[in-house]
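Structure record follows, encoded as structure tokens.
When the chains are written out, they are named A, B, C, D, E and F in that same order, and each has its own residue count from 1.
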Amino acid sequence: MTSWLPSLKTTPPEEGYELAVKLARIAVKKTQPDAEVREQLRPKYAEDADALIAISHVIAIHFATVAAANDHWK
Amino acid sequence: MTSWLPSLKTTPPEEGYELAVKLARIAVKKTQPDAEVREQLRPKYAEDADALIAISHVIAIHFATVAAANDHWK
Amino acid sequence: MTSWLPSLKTTPPEEGYELAVKLARIAVKKTQPDAEVREQLRPKYAEDADALIAISHVIAIHFATVAAANDHWK
Amino acid sequence: MTSWLPSLKTTPPEEGYELAVKLARIAVKKTQPDAEVREQLRPKYAEDADALIAISHVIAIHFATVAAANDHWK
Amino acid sequence: MTSWLPSLKTTPPEEGYELAVKLARIAVKKTQPDAEVREQLRPKYAEDADALIAISHVIAIHFATVAAANDHWK
Amino acid sequence: MTSWLPSLKTTPPEEGYELAVKLARIAVKKTQPDAEVREQLRPKYAEDADALIAISHVIAIHFATVAAANDHWK
């Protein structure tokens, strides 16, 4: 089985952001493994300003981690 | 008794993420030791978008710690 | 296609703040790709104190990352 | 009088987690010194999923600090 | 035009805290550029405990960044 | 006038925690300078579990900063 997270290294920075998005989403899957339930929740948060901001918040934390792992792509 | 947290070292990164999930859950057990009460709360948060995002947030913070402990698996 | 994030390097610090704002907004676009829906949500959060503070929070986290990437513009 | 926080050093990591829990609780005592009031609040948060997640969040931040103080127990 | 953020360097620490307050406020201005709307929102958050705590939270994150930029004024 | 924040250095760690509490409170004073209003808000948050947890959260972030400023009192 292929790992979903072989490394935190990304090139370029843009891919690091994509990885942060992925890291935020995986947590939801692990807490709610039922894809159908997650699908039902989607309209709720995708059209709710507070939820969108909260998701952006989680991504920000993961992006900080990924950026550190890549020496901020210096 | 075996320690539930012998080390923050994990190989590969994927296991670091699992450890972050565990670190987030342990806190809940320590505040609400009654397994039955926790089980009753589960449907509440597992089907609530805001709660799922909040859990993802906590995991993100622990993942940052675990990643730092592993030199970001460089 | 031009990358929306070629680097985290900015000069001067003020541009680093702008980048943090951008990083916070991109996450919302990725979760809600429909521009029309995002436009409808805008009055909600732009006139809501709690949402404005929450957005400021996300920007603060990204600003920390951008500042670190620029050695805090020392 | 013995200090409640002589050091951030802990051995093993598990004790570092306990210290993080303690650091989170002390703040509540300092803001609400009345033990009776705190006791009345307990059922509220111990049976509320959102509150339990929020507590887990605070512990995560303190755990990051304690882990850093211990060089992540490397 | 003078930059509103020429540097993150401050002397003494107290000014670093002021800068953190400023960094938190700028984000609100960027999301809600209409000064009149912001003025209308002010009573809402200035007399609301939750909002005041949330603002304090954002300032805390910026203060961490400013402190790091100043080597914690060591 | 004496500075309210001459330094982030504290001995011992316990005083660092006190400083974190102070740093969290100052932000509230700066946003709501009217002592009477703050006094009216106090019962609200001092007897509200969610608010107490949120305050503990802000203190946790400042404690991380103060601990870093003191090399974690190593």
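In this section, a residue touches a chain if its C-beta (ideal position, glycine included) is under 8 Å from a C-beta of that chain, and two chains touch if they have at least 3 such contacts.
Treat the numbers as computed from the prediction; the structure is a model and nothing was measured.
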Handout entry: Partner chains shared by subunit C and subunit F (touch criterion as defined above)
Key = E
Problem - Number of hops, subunit B to subunit F, where each hop joins two touching chains - result: 2
Practice task
For the Cα fit of subunit B against subunit E, please give the angle of the superposing rotation, nearest 5 degrees.
Solution key: 180
Practice task
Provide the C-alpha centroid distance between subunit A and subunit B, rounded to the nearest whole angstrom.
Solution key: 16
Handout entry: Centroid spacing, where centroids are CA-atom means, of subunit A and subunit F in whole angstrom
Key = 31
Exercise for the section: Could you put a whole-Å number on the gap between the CA centroids of subunit D and subunit E? Expected result: 27
Problem - Shared-contact residues (touching 2 or more other chains) in subunit D - result: 45, 48, 50, 54-55, 57, 61, 64, 68
Handout entry: Chain contact graph, described as a line, ring, star, complete graph or other shape
Key = ring
Practice task
Could you list all chains around the ring, opening with subunit D and heading toward subunit F first?
Solution key: D, F, E, C, A, B
Problem - Interface residues, subunit F side, partner subunit E - complex - result: 3-9, 23-28, 30-32, 37, 41, 44-45, 48, 50-51, 54-55, 57-58, 61-62, 64-65, 68-69
Fill in the blank from the handout: Interface with subunit C, subunit A side, in the complex: residues 12-14, 17, 21, 45-50, 52-57, 59-61, 63-64, 67-68, 72-74
